[in-house]
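Multiple structures are listed underneath, in structure tokens.
The same subunit A turns up in both complexes below, where it pairs with subunit B and then with subunit C.
After this line comes the complex of A and B, so read on.
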């Protein structure tokens, strides 16, 4: 049951058939969630898939929201040991919790802030053997806190994301980001948010059910895969060590 | 219709006129402008290669896609890109738009590995996108490098105006575009715009600068504010496969023509189809019955020709109102009419007439007698 149901998400992302070469290579994946329905489980799921023992994927995790121990605990429940993966150089964790970009335009120098972060990512990837470049995933958790670190300058964050995107065409790696939809809801024109939707090749929206909270269903996912021109929608339930995905009405 | 866009770009600028400019705009609900843009690029480029267009070269200013994306696109269309570096040049504003890579390379051991070497014969990296003047100079320089000086013209494709607008104020972007349009070596210019990223006024500015606006709209409007709705989901699903495509041509004399089509997005590319017309829908709605509910073309014309009573009043002729009593009185002065009364006879045989047959002779013509006279109330 679990084996089958969890595959709906994989299926929508194209991860169900082959995991090597990494099906998300060269793609930008944007996950959007809301206060009532956290989308971080999708991030954990992708992290687990990319660190699966059958693949040789490398993950660069840029954390603005949680410390390493948090992810370690969750991934351990999902059956994946981040510490040993880190020791094997398959998992690179950049702790950005305390990142504070210098203020103003003069602050945008290569020594600090997001430019330095970009340099660090670039250096990490180019230090890897060439054969594993296309298996690299860059995961950012999450964009709203990155904006906070950048003193609220969404342009600076967009510039950074653009440079991360050039990595996806340069090295054929993938970029996975998490963002929150409702913090932009009061804006007339949530430019940053819409821009992200344009950038994304795959858009994953986690939403609560239209009918409100329920115990058996935690929410629904809508996955728009622009590359394969496919949209899928299903319900999910987050359990202790697995996520169950099922079509509406088939819990 | 997509054809006519492409024809306008191919035919290029007239002497003493601005070059034709095309805005391709979309919104997040129907984000297919890039597909249309790619379609236009490949069509225009193949006519440049065949020597059928006014322009002899194409400069692509790429902000949102890597140069290899466009080179691959043209390669897939069967053009030999390696040998065509005399026809196409790409100004690469994608790889390092703000010069971060440059700065990092200066400050420490940052090895810029990229596919630059691979595409170098076709692409040049531009690192100062905030300076519109420098961008203008680079574009013109690249174009002149392609076609040489003199009167030979070239075309420009900009993807996308959004990135320019993010890095520079509207006024300088508008100046750049209008300077390019009025340059006497430009044959045509087109750019891509995501309209929902900007205020309406910014979109309007760019539309004023263009002679053709192609806009993509979702075929089904989503009801806003409804979330997590399955009905909405099926609309999203529909919208991911097709959209409405409107094109507005502005003629030199100010005449505006709007045409609509439907685009279908497929794995292999983009297809244009004519919209199912309203008439076709109406015809489909009429139930199948034994008798004819609709008029034929001739019947419709005949019907339109009938001059209704009162309609001719005031055009100089004596006013004749059919009033049963008077016509009975007058009937002796006129042609003898028994059962048939011509309310109106027109000399002009092209128009219709109303023919009134009285059922029988004993039917009294209308009079102002009270019909309810005999009622005993």
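After this line comes the complex of A and C, so read on.
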């Protein structure tokens, strides 16, 4: 039952049939959540899938919100050891918790800030053997903090994301981002947010239930897959070792 | 009492084998976290043990009432009583003056339980009695484990001077210092408690009151404030301390208010209640003792992905005998759906208020 139900998310993402070659290659995945319902579990799930033992995926994780120990503990409970994956060069962790881009025009220098970060990503990918380029996922947790690190210059962050997107076409790797939807809902025309949604091939929204908090159902996920032109909606319950997904009323 | 003792002895033995011993006022939590007390035993219980070390707690203030001060006072006093270091910052010109208003711990537990017993026999609220016994057993347990975790505070008795005058307290006025000064002060303060895997001997507490108050020179620099909070969070994460920041959300633009909320590990909000809200008085039992509501929006989840779902998210803040701060679940009289709207006024943006708005 667990095995089957957790496949609902995988199914929507196209991860259920084959894991090799990586089904998300060349795609941009945007995850959006809210204060009440965190969507970080989707990141963890995707990280776990991409590091699964029967694939040769490489993941570059850009962490703005949590330290390594946090992800390590969570992924260990999901059955994936990040430390050993890091030693095997399948997992690259960039700790950006303290990154602060210099103010004003000085920020746009190759030495500091996001340009340097992009350089690091590019270098990491090109250093990999050519056959694994297709199987690289870049995960960013999360974009709103990246904006803060860039002193509120969303254009700068957007530039960075465009650059990362060119990586998806250059190397055929995938880009997975997390952002918070409710931050932008009060703005008139949130350019940053709209552009990000436009860039995304797959959009995953985590929302609380309209009826409030419940212990059995932690929220609902809406996955819109632009490539397959398909929208799926289901409820989820997050557990330490698995995310249970089920259709409404089937918990 | 005896039963409690035996229970704790087995508990402490398990503890001593697994994690290293901790200093006073610290307690092991799930997922390798260590809790420190908020200074309000009820709040600790609601949050599943207290505030985990390395977490950022944000409290949304009520624009009209200083209820966030109640939380801050207890949080600070608890730290001082346990000998923990404290950094306090407020928009007042002389933040140190606020320390004079900190409450003192209620008389030691044995005395208190003796004192209270006759009261309780007189009292009519049986449910409260049980609650108290339960709480005290737990507290005793901690004491048998050789260190205290939390105290109950008597809001009418000021904290003894020797606690306040110690060298462990640092005060910053954010009225005349800019954000980089405040950041440096926090960084030097937190450097005393670096995180390593060994035992934790001492923990620090940072309390920042009304962070975006208009008195501060930077109050219109929203991105700078946000980046201060972000750097505070990352500094706190890598140290053995807890930072609590209160802010009036009405002063921030809605989108920044959401950003701040996302920043928080534990997110609380306080609301005052109007003196003569007759509609509400009919709805809730024990209305006359209430001073306000506390909403729990988010509970810290460090090292885990499972969200904490509380049975209730709105609690009433009561002053018991005008001395002790107590949090209670709302006991609602059975009502028809139409009165659900008045909940919306009390609940703010919590999900509990959403359920209240539904008409079944």
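Just so it is clear, the second predicted complex is superposed on the first by the 251 of 251 C-alpha atoms of A that agree within 3 Å, B and C clash if a C-alpha of one lies under 4 Å from a C-alpha of the other, contacts with A are read in each partner's own complex, and residues count from 1 in each chain.
In the analysis below, contacts are C-beta pairs under 8 Å (C-beta built on N, C-alpha and C of every residue); 3 or more make two chains touch, one makes a residue touch a chain.
Just so it is clear, the model here is predicted, and its values are computed rather than measured.
Engineer: For A:74, using the defined touch cut-off, is the partner it touches subunit B, subunit C, both, or neither? Pick first, second, both or neither.
Structural biologist: Second partner only.
Engineer: Touching A:59, do we find subunit B (first), subunit C (second), both, or neither?
Structural biologist: Neither partner.
Engineer: Could you say whether A:184 touches subunit B, subunit C, both of them, or neither, answering first, second, both or neither?
Structural biologist: Touch partner of A:184: subunit C, not subunit B.
Engineer: Which partner does A:85 contact after superposing on A: first (subunit B), second (subunit C), both, neither?
Structural biologist: In the superposed model, A:85 contacts neither subunit B nor subunit C.
Engineer: Check the residue A:238 against both partner chains and state whether it touches subunit B (first), subunit C (second), both, or neither.
Structural biologist: A:238 contacts subunit C only, not subunit B.
Engineer: Could you look at A:214 and tell me whether it touches subunit B, subunit C, both or neither (first, second, both, neither)?
Structural biologist: second
Engineer: Do subunit B and subunit C land on any of the same subunit A residues, and which?
Structural biologist: 208, 210
Engineer: With touch defined as at the start, can you tell me which subunit B residues reach subunit A in the complex?
Structural biologist: Result: residues 28, 31, 66, 68-69, 94-98, 100-101, 103-104, 106-108, 110-111, 113-115, 162, 166, 194, 196-199, 226-230, 233, 236-237, 240-241, 265-267 of subunit B touch subunit A.
Engineer: Looking at the complex, which residues from subunit A come into contact with subunit B?
Structural biologist: 109-111, 115, 118-119, 122-123, 126, 155, 158-159, 162-163, 166, 169-170, 189, 191, 194-195, 197-198, 207-210, 220, 222, 224, 226, 228-231, 233, 248
Engineer: Hey, which residues of subunit C end up touching subunit A in the complex?
Structural biologist: 31-32, 222-224, 226-227, 230-231, 234, 237-238, 253-255, 258-259, 261-262, 267, 297-298, 301-307, 309-310, 313, 351-352, 354-355, 358
Engineer: Write out the stretch or stretches of subunit A touching subunit C in their complex.
Structural biologist: Interface residues on subunit A, with respect to subunit C: 35-38, 40-41, 44, 66-67, 69-70, 73-74, 77, 97-98, 100, 144-145, 148-149, 151-152, 180, 182-187, 208, 210-215, 218, 238-240.
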